[in-house]
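Both complexes below contain chain A, partnered by chain B and then by chain C.
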Partner chain A sequence: MKILIDRLAFRNALARVEMAIDRKPTNPVHGGVLVEAANDHVVLLTNDVDMAVRYQVDFVQVDQPGWAVLPGRELVDIVKDLESDTITLTLLDGGQVEVRSGDDLCTLVTLESSADTGREGTSHSESFPLVPALDGEPAITMDKGDFLVSVNSTRFATARMQDSRFATEGILMELADSVVTMVGTDGRRLACIRRPTTGGSGKKARAVLLPKVLDQIYRFGQDEEGESISIWFLDNMVGFRMGNLESFGRVLNKEFPNYSNVIPQGGKHVVRAHRESFSKKLRLASHLTQESAAVVRIAFSANNMEVASENEGRGRASANFEVDYVGEGLKTAFNPAYILEGLKAAHSDQIELQIDDAVRPAKFLLGDDYSYVVMPLSALV
Partner chain B sequence: MSASRPRHVLHVDLDAFFVAVERVVDPRLCGRPVVVGGPPESRGVVAAASYEARAYGIHSAMPMSQALRLCPDLVRVSGSRGMYTRASKAVFSLLGEYTPIIEKVSVDEAYLDLSGTEHLFGHALDAADHMRREVKERLRLDLTVGVSANRLVSKVASAFAKPCGLFDVRPGQEPRFFAPLPVKVLPGIGPVTATRLRDFHIDYLGVLAETDRWFLEETFGRYGPAMQQRARGEDRTPVCPPWERPEMKSIGHERTFAEDTDDPRLLRGRLQKLLEQACARLREKQLLARTLTVKLRFADFVTVNRDVTLAQPSDHDLEWWKEAEPLLERLCARRALVRLVGVRLSGLQQGFWQGSLFDPEAVAARDRLSVLDKLRGRYGEGSLQSGDRLWLRGQS
Partner chain C sequence: MNRIHALDRIVVDQIAAGEVVERPSSVVKELVENALDAGATHIQLRMEDGGIRLLEVRDNGSGIEAEDLPLALTSHATSKLRDAADLDAIASLGFRGEALASIASVSRMSIMSRPHGAKHGASLECAFGRVGQVHDAAADYGTRIVIENLFAELPARRKFLKTAATEGAHCLAWLQRLALVHLGVGFEVSQDGRTTFQVHADDDLEARCAAVFGERIAADMVEVAREDPQLGVKARIGAPETARRDARRVHLFLNGRWIRDARLLRAVREGVKEFVPIGHYPTLFLHLQIPPERIDINVHPQKTEVRFRDERAVFAVIVTTLRKGLASAPWATRAVGPVGGQVQERSGFAPSWARPLQDTAGANSFDSSGGFPVPGSNDQLPLTANEVTPEGEYLNFLSVANTFLFRPVTGGVEIIDQHALHERVNLEELRKEVRAGAVMQQALLMPALVEVSAEELAELLEHRETFLTLGVDLEAFGDTTIAIRGVPARLTRLVPESLLRDLLEIARQNRAATPDQLQEEMLFSMACRGAVMAGDRLDRPALEALLRRGADLPQDRTCAHGRPVRVFLSQEDLERAFYRR
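Showing the complex of A and B:
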């Protein structure tokens, strides 16, 4: 294998596959980047079991086709520090790859290569975990912007710790009636967004994905060519394709909670507020909450909302602002971080709060077909 | 806010509190030697003794068997923590009408800062007298009060005034009041320090106050000069109301069995009871705990601990019981009889409970707990108990 590749193109490609480099591989080969060169392109593949990324770099001068699994971390690190415009990768006899850029030269010991198998020019590695080809009709084709917004609107609500009962550390992706529903929850708040598909087989499908793959797509998806994303539901993973980027996420086998049951349908009290004002007042109050348990009390009355907090021994805060509300009013309490995160992800300047009472879940409408449900805090009495 | 504003600090102490409450409930106990505590056959100790019992040399923490030997006519009452807590709340609620700055030291003892209340209640001495009479008339309990310009002198003054007395030490009179008192009356001077002081012929606070400072520093280290300052009646420690006090770190309960045991039913029952008590205290203080430690002490005094931390803090006995039961099983792996079981809830945080979206039953469970607490508060801790605790019948 011998290739000449643009340094920036190679660096960008490595940035896309970097997240799936296995940091603690049981088999050292799994901690590598598979580099395959054929025709006029190079394909990079990484796979850490939870997710895999395949990225194709076009317009590469391939002098000699072949493949090699290079130590992932080292390859990423040295390419970041090379300076010349192009990089030459040459597979040497004896299982080493020479990485040359201008006057700089590094030699990496391959974890496996086409030179080992004697099947030069043909893929593939025997021990590197490969991923299926994304061919055939995808289950979903949808607007890339819609998909990325859906990820951003649900990701923050997922649980940071694993739950023994439900797969709340993951994000639910569900396809039904040409609508993709994505849901993230940690058991105390829940974000749910619906967006239409633009094509695909349309068959009902459902999978709970670890957020890691969606984070990777969110980070790099915007830069990929094309306005749509195609999604395949495979055996135990979901594959995504945008331009030259293919990402695969492992499907969680645990049950996802029945989210539709906990989204309130309307509420006795409906408050419409300006998102920015609400955020500012909440942020102000959140500076004076207890360190061990952040609580803001929210009270609304005719066209007014009061946000208050108290930190024993430090002080208290109270902020009022105008809202659109008619009714007898209600007092409740929330973790301010939960509401602030929801407001940050909101799509519209006006948000709507629907709530029945101080102990049942409150629903925030944060945009078209975008609901955010938060469980209030109850005072210990 | 001026630095020269006179301070009026009261130390209030309810006389033989547990016994006094029992006498309110059962007046037949009046005038007789009474103690509150566990039965002698289950290694019970005296928790409180009436003044009549004290005349026989009986005092708190004395083994009950010894107390009964000293006074064969002694009346023993098992006592009810719930009743004492209610009585204590009633007393402190009444005292709270005089000042919000109350530092509760125990169920029957507190410091009150009356500085600045002269316009409302007159001189602190008059207010203290009024307080005592009000507690006696409204609650039929005897209150002893020490009045001075600081906590230390008030504490010693109240001990001086017991029982049912009132003692006032005017500002500037502290050294004169302290001078003839033996050194052991000063809080902080225990038997060991008192013996060492006596070795140097320092028997009275007056002598300690006049002793060479350098000598005290050489002999007792940094504590020497501080001790001397206190012997002169100087103390600047403020009265700390609850909101200024450092947060509580943990809540724990432990219990020694009447006889060492390896009966799993007794162990489970005891653990559940301790957990219920600890969780009830959490709820009473409006706290949630994140970590539970279960402790076992075996008959050979080997002590083992295991802990578990929840993702969501809780004050619910049943949630903790799910975690405590497997811990107990793991701890019991040692083939030895168990002498003591203990629980400790730590990682405490204040105030609010976060419900779960997918567990509506949790809200109902909280309501049930609140009802349970009310019933137990009214009819006693044992009025409603979990099945496992029934194995403890006959145990103290």
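Showing the complex of A and C:
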């Protein structure tokens, strides 16, 4: 293998695959980056079991095809610090790869390599965990922007701790009737968003994904060419393709809560509020909550909402602002962080709160087909 | 056929000696106590071969009249007790009149004594119970007793003695116990010609602790006293980090008598709970003063066990005393102020936390299987009322291994364990809420369902009310499933299912416990479960928030399980590590 590659292109490619470098590999090969050169491009592949990323760099001068698994951490780090515009990678006899850039020279010991001609999409590696090719008709094609917004609208509501019964650390992705539903919940609040597909086989499908892969897509998807994303449901994996980026996420084999039962349909009280004012008042009040057990009390009456808090020993806050509401009013309490996170992800300037009473879940409509359910707090007296 | 006959007097004494004289240290105890009862102000102990070959106790006490010497070696002869009525109010250390006779029956003993004012002394020898004649002798004022060849004629007993070094250590330990509590009396020990222990008559308790526990430990001990004619206490408590798994550094005294009682040790454990790791005992000198008529020490010949008329009050006092002392002890974090605060010298403890003892009298009764009333367990643990310190300074820290936070403080560096701190923060905050009846509950969107056995289900539901006070809302969901509908709002990291398993475990282990005790145990568990773990990566704002929350805790030295929250390395410690000292 011998290639000449643009340094920035190579560095960007590595940034995309970096997240899937196995940090604590049981087999050292899994901690590497598979670099495969053929024709006029190079394909990079990393796989840490939870997710895999395959990225193709075009316009590469391939003098000699071949492939090598290079130590991931080291490769990423040295490429960051090389300065010349181009980099030459040369596989030497004896399983070493010379990385030359300008006057700088690094030699990396490969974890596995071959001078054989690599054909696109296939590799001869024996121990590096490969991923299936994304060919055939995808299950979903949809607007990339819609997909990224869906990720951003649900990701924050996922649980940080693992639950043994429910896969709440993951995000549910469901396809039915040309609509993709994504749901994130931690058992205390739940975010649910629906977006239409633009194509694909349209068969019903459902998977719970670890957020890691969605984070990676969210971070790099915007930069990829094309306006759409294609999604394949594979055996215990979901594959995503945007331009030259292919990401694979492991599917969680756990039940996901039945979200549709949880989302209330309508509410006795309906309050419409300006998102920005609501956020500001909440933030103001949350400065004077107990740092650990933040509680804000929310009371609304005709066209007014009061957000109040108290931190024993430090002080109290009360903020009022105008809302659109008619009715006898209601008092309830929430963890302000939960509402603030929802408001931050909201798509529209006006949000709507639907609530029955102080103990049942409150539903926030934060945009078209985007609802966010939060359980209120109650004081035990 | 064997006929019944009365035993020979010597055999009777030897049998009695089995209870009183087990090893050389028992002899030391008996003889030194006699010397103390005789009003001695200076007592010397000389040992050879750990006291097995020779043991000599010399005092400057009142001495024994020549004509009384033979009587001293007769069993049940004593100068300390006259009739049965005196038994109810024993003020002297010995009273049974067994010791000397018992020792004389198992060794070669010689007594030399000269009462004050007598022209000369007298001596008497006794070999394994065979008493000789009284002779005039030249002697100092006081009494000198020499014991040689202990158990030499009783091979069965001798066989059970350990090495000379071990026996010598036991002898020394007994003498130290007596030396700790008998202020105004000087003690001197020489072992095989070397002086190994010495306190002077005018040495105070601090000096005595230094002699017994070592200078470093003694310097950090804190004194707590309680003046009460019915139940007085004087205690010196070592810093928590000197706690050990065995109770060898626990010295409990009752009216000048060293006692060792499993129940009292339990009170000690209870008192140090949350301050030292579970199963550890502190370095402790604790002297109870109770009028003799309110106690019974005539339980065992060695008199190390006691019965109290008012047992619960005594336990309560031990527990409160320990808490008070530990709370104000200079810890590993010696002069450091609150977590997150600037360094300040600690002042005295805030005594407002302590509830009057009467409050606990009405609590549950003590029995060996259940718990016992713990004063103040529902109160805040006492710690220095720190002045409010300006924020900002503490935000200068370094997180290591996602576990430890290093921060420079005046005079050194402080290391904080993030899990332990979070656990303590959770505990204190939860406790405060629970006490105020203001626990906020976070209802769950969908109840967490946990499979349990029918028996477990019944057990959990039995404590439903207690759980509810903590913000945990449980409900039966069929015969073998429990539904958790709500969890405490502040524990956002809590996984409902593991919480339930813990609660079940606690309910089982504390069957006899009162709801209050159960609640306390659950608080511990929830605090721990809800805390970040060692190795959990926290971003800087989260760490800062944690430190800020830790800044005004009533107790911020240990986690709920007694492990340290923070350790202070002084400049001196650092210099030592770099051989600059």
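Everything below uses one rule, namely that the second predicted complex is superposed on the first by the 373 of 381 C-alpha atoms of A that agree within 3 Å, B and C clash if a C-alpha of one lies under 4 Å from a C-alpha of the other, contacts with A are read in each partner's own complex, and residues count from 1 in each chain.
In this section, a residue touches a chain if its C-beta (ideal position, glycine included) is under 8 Å from a C-beta of that chain, and two chains touch if they have at least 3 such contacts.
For clarity, every value in this text was computed on a predicted model and none was experimentally measured.
A.B. asks: Put the two structures on top of each other at chain A: do chain B and chain C fit, or clash?
C.D. replies: After superposition on chain A, chain B vs chain C: clash.
A.B. asks: By the touch definition at the top of the document, which applies to A:Lys254: first (chain B), second (chain C), both, or neither?
C.D. replies: It touches nothing on chain B or chain C.
A.B. asks: For A:Asn335 in the superposed arrangement: first (chain B), second (chain C), both or neither?
C.D. replies: both
A.B. asks: Looking at the overlay, does A:Pro361 come into contact with chain B only (first), chain C only (second), both, or neither?
C.D. replies: A:Pro361 sits against chain B and chain C alike.
A.B. asks: Contact-wise, after the overlay, does A:Arg7 reach chain B, chain C, both or neither (first, second, both, neither)?
C.D. replies: After superposing on A, A:Arg7 lies clear of both chain B and chain C.
A.B. asks: Identify the residues of chain A that lie in both the chain B contact region and the chain C contact region.
C.D. replies: 161, 163, 185, 187-190, 257-258, 262, 290, 292-293, 295, 313, 333, 335, 359, 361, 373, 375-381.
A.B. asks: For chain A, which residues count as touching chain B in their complex?
C.D. replies: 161, 163, 166, 185, 187-190, 257-258, 262, 290, 292-293, 295, 312-313, 333, 335, 359, 361, 373, 375-381
A.B. asks: Which stretch or stretches of chain C touch chain A in the complex?
C.D. replies: Checking each residue of chain C against chain A gives 425-426, 429, 433, 437-446, 448-449, 468-469, 471, 486, 488-490, 492-497, 545, 548-549, 552.
A.B. asks: List the residues on chain B that touch chain A in their complex, please.
C.D. replies: It is residues 243-244, 247, 283, 286-288, 311, 315, 348-359, 363, 366, 370 of chain B that touch chain A.
A.B. asks: Can you list the chain A residues touching chain C in their complex?
C.D. replies: Listed in rising order, the residues of chain A that touch chain C are 160-165, 185, 187-190, 257-258, 261-262, 290-293, 295, 313, 333, 335, 359, 361, 373, 375-381.
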